[in-house]
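The two complexes that follow have chain A in common; it is paired with chain B in the first and with chain C in the second.
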Partner chain A sequence: MAMAVARRESRRLMPLVNPSVSIRSNLISPNQEQVGLGVRSISTQIVRNRMKSVKNIQKITKAMKMVAASKLRAIQVRAENSRGLWQPFTALLGDTPSVAVKKNVIVTVSSDKGLCGGINSTSVKISRALHKVNAGPDAESKYVILGEKGKAQLIRDSKKDIVLTLTELQKNFLNYTQISVIADDILKNVEFDALRIVFNKFQSVVSFLPTTATVLSPEIVERESEAGGKIGDLDSYEIEGGETKSEVLQNLTEFQFSCVMFNAVLENACSEQGARMSAMDSSSRNAGDMLDKLTLAYNRTRQASITTELSEIISGAAALEG
Partner chain B sequence: MLRQLTSRILTKPTTPFFSAAATRRPFSTEVADTSTGDETFVEQWKKVIPNIDPPKTPSQYMKTRPPTPNVLPTKLTVNFVLPYASELSQKEVDMVIVPATTGQMGILPGHVPTIAELKPGLLSVHEGNDVKKYFISSGFAFIHPNSYADILAVEAVPLDRLDQAQVQKGLSEFTQKLSSASTDAEKAEAQIGVDVHSALNFALTG
Partner chain C sequence: MASTAAVPFWRSAGMTYITYSNICANLVRNCLKEPYKSEAINREKVHFSVSKWTDGKPEKPTIRSDTPE
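On to the complex of A and B.
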């Protein structure tokens, strides 16, 4: 963001060398003394204004960074605590991103707010790629989007494939109850054979790993375990509770989806804060650099005009004397 | 000050929790096939989208588990997880008793591989003479052939943190609600309340 500001800034500063700017500076501050054409000293008013605005931008980005840092600390602990939740499912049902099914649903987890680096475009890119990978003559892929930013990006080219969008997740405290309600919503409204959840896994403040977790529907789980694929040993498990095996499997996959979603949403929220923190850090640093350059330019012009005035006075006095 | 803040967050890996997470990530020293993830998936991906790296998959973050041993292990390795915490992680115990929907189920090392649905009830973890008791709301238990048991619950509290008086009060409240419920949804809600509270009551007294 600061880069854009800097670019705009330089474009604005460029015409300072033109005399026409003196007119503009008069527009900004009409009370200022009229500066005629051909005056050698340039107006410092614009530079001063710009310095003030850059300073304000720096203050804002610094504050945003602080906010992101404190939010990150809170959410990081929760994301790490939720990491145990999906592991039993992966141990039991295996990790099956390559399973080929008819109805693919890609659940893209993104953030509601911007100014957080590339995490949203990464998850959108990965979702589009997954859409392509799973494309086939008799296979179809649909999107379910969590978060405003992913929606804004995907709606441009794949509007017809979006079946459900959910936003403002983080308005309320992210807890398991909220996520299971969302998971329930998705399960009720979307027909699927495989849900592919795309999110950014938090690794450190500066690195996020785009990840896809796969949740299969109970029918596909049964089909795969009978076919002896990756989840072939599911048949060796005894099943306790429930009337039938398929009923238990149904409960199991629904629970799996809510657990995986819970972790995914937390990891993505954590990555978002981390990304925002580093983005805001670099933009406040950029603002600082820009401020230094502006201050230098300002002081130099001021000094130059003082020198010019002095030499004018001295030379005038010398002319009178001579 | 901001710089310090960043470094403080970056140096966090020294705290025990973080290091546990770091070791959970499989590195090249561990079993090779999990570190690359699903190979067919990677191949498919590379064929269609050569310019983007394939995304990671959960198995790449999993801590590898040992294969099924030939001799019967003496200890049961338990993972007991909740959405907000890992209550027990890779803990070796003698026995756990879980509240399956079919009744209390004791799990010893070498138990038959099982998937069990859990109902609200008492979960006890036996380790030597030590017995830790939790009340869990509901969930699932998986028992793997390699004497690993995964217990997932939505909510769990140690039994000594429950208040008998509150439980009694809740029980009578929900019983009243059940009798006055008019719609099916209300009735179901009250029935769940009664079930949970009577399970709580049973766990505390029995």
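On to the complex of A and C.
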């Protein structure tokens, strides 16, 4: 008799308990709504699974950050040392990014792997801007792309202008021989009046300057040196041997290109690791925040179901006594 | 004056200055004594894949590598 009363009582209490249950389960997952009548506790399985996966992702991003940090340290020294290769050329020939020529070749340096922040999109953006700036009725610009990611982005709108793509650069440690072979390949396969190399110059772990370096063809250098300016000082240098000026300039241009490329590739690899490090740092921080929120929700739900159970027991006992 | 006379030769053989200087650099590397020699040669390994594009389509990439797979 008393049991029947209690059952009736609890059925009357159900609508009071149930709404709060369904609201909380809405927060977690929509398919938790079909909680059967009389089932008091909510399954926290889904939240627990989610927490586990977030924790695993955090572990992975933390490990990636560590890897990037150690790679960065190795490559940073080399990048900084390689700056000494192009500086004499800039002192000798000057840097003339604004020179207007007919055949432009834009060499976009990007990375093969992703998950490294925005460095690839910046270099692609700068390349597109250069393409636009140098476009004209009788001028044309072509792309030479280093790295998988820059290729993927430029394929979308500039398919027609790509002449050469090079990938898998970083399988071995970057070295001068490799880059010079690449530079050689580029020189043999494209005709150019000016090569514009776009890369991210490494400044610090968190800042990378998108940079362009310009390498002019020997004919253009000659034309510019006759016009005067910084390149005009070239005649004041004494040249050993019996080569003509154009021969010297051709050798110089080729060597300059390989040196600038070497520095560009190293700087970009360095920036890539730095960017990856900071990206992974922020993503592991985000994973931590998410984990905190999930833990809070999980604990709150658990506590709520305990409270509900307790109040049900107490009210049942009170009904029995009364 | 051997170097001056050599200029037209390697140029007419279809080499660029980069190839020429690489061959020279390799010769110098081979002159090193043993522990340093293999170290220097192992350091300078070439591996990359290159593909030419014609009319907006990539050709089959060729892999240039001096390490056997």
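Methods note: the second predicted complex is superposed on the first by the 278 of 322 C-alpha atoms of A that agree within 3 Å, B and C clash if a C-alpha of one lies under 4 Å from a C-alpha of the other, contacts with A are read in each partner's own complex, and residues count from 1 in each chain.
Keep in mind that, in the parts below, contacts are C-beta pairs under 8 Å (C-beta built on N, C-alpha and C of every residue); 3 or more make two chains touch, one makes a residue touch a chain.
On a predicted model such as this, the values are computed, not experimentally measured, just so you know.
*Asks:* Name the contact category of A:K65: first (chain B only), second (chain C only), both, or neither.
*Replies:* first
*Asks:* For A:N251, select first, second, both or neither according to whether it touches chain B, chain C, the two together, or no partner.
*Replies:* A:N251 contacts both chain B and chain C.
*Asks:* Quick check on the superposed pair: does A:E168 touch chain B, chain C, both, or neither? Answer first, second, both or neither.
*Replies:* A:E168: touches chain C, not chain B.
*Asks:* I'd like to know which partner A:L187 touches here: chain B for first, chain C for second, both or neither.
*Replies:* Touch partner of A:L187: chain C, not chain B.
*Asks:* Does the superposition put A:K159 against chain B (first), chain C (second), both, or neither?
*Replies:* Touch partner of A:K159: chain C, not chain B.
*Asks:* Would you sort A:T212 into first (chain B), second (chain C), both or neither based on which partner it touches?
*Replies:* Only chain B; A:T212 stays clear of chain C.
*Asks:* Should A:D95 be classified as contacting the first partner (chain B), the second (chain C), both, or neither?
*Replies:* First partner only.
*Asks:* For A:Y176, using the defined touch cut-off, is the partner it touches chain B, chain C, both, or neither? Pick first, second, both or neither.
*Replies:* A:Y176 contacts both chain B and chain C.
*Asks:* Touching chain B in one complex and chain C in the other: list those residues of chain A.
*Replies:* Comparing the two interfaces on chain A, one with chain B and one with chain C, the shared residues are 175-176, 241-242, 251, 255.
*Asks:* Considering only the defined contacts, which chain A positions touch chain C in the complex?
*Replies:* My answer: residues 159-160, 162-169, 171-173, 175-178, 180-185, 187-189, 241-243, 247, 250-251, 254-255, 257-258.
*Asks:* Where on chain B does chain A make contact in their complex?
*Replies:* 2, 5-6, 9-10, 17-18, 21, 24, 37-38, 40-41, 44-45, 48-49, 52, 55-59, 61-63, 65, 79, 81-86, 89, 100-102, 105, 112-118, 139-140, 142, 144-145, 148, 150, 152, 154
*Asks:* For the complex, give me every residue of chain A touching chain B.
*Replies:* 62, 65-66, 69, 72-73, 77-78, 80-88, 90-92, 94-98, 125-126, 129-130, 132-133, 175-176, 198, 201, 204-205, 209-214, 230, 233, 236-242, 248, 251-252, 255, 259-260, 262, 277, 281, 284
*Asks:* Which residues of chain C touch chain A in their complex?
*Replies:* 1, 3-4, 7, 11, 16-19, 21-22, 25, 43-53, 55-58, 61, 63-64, 67
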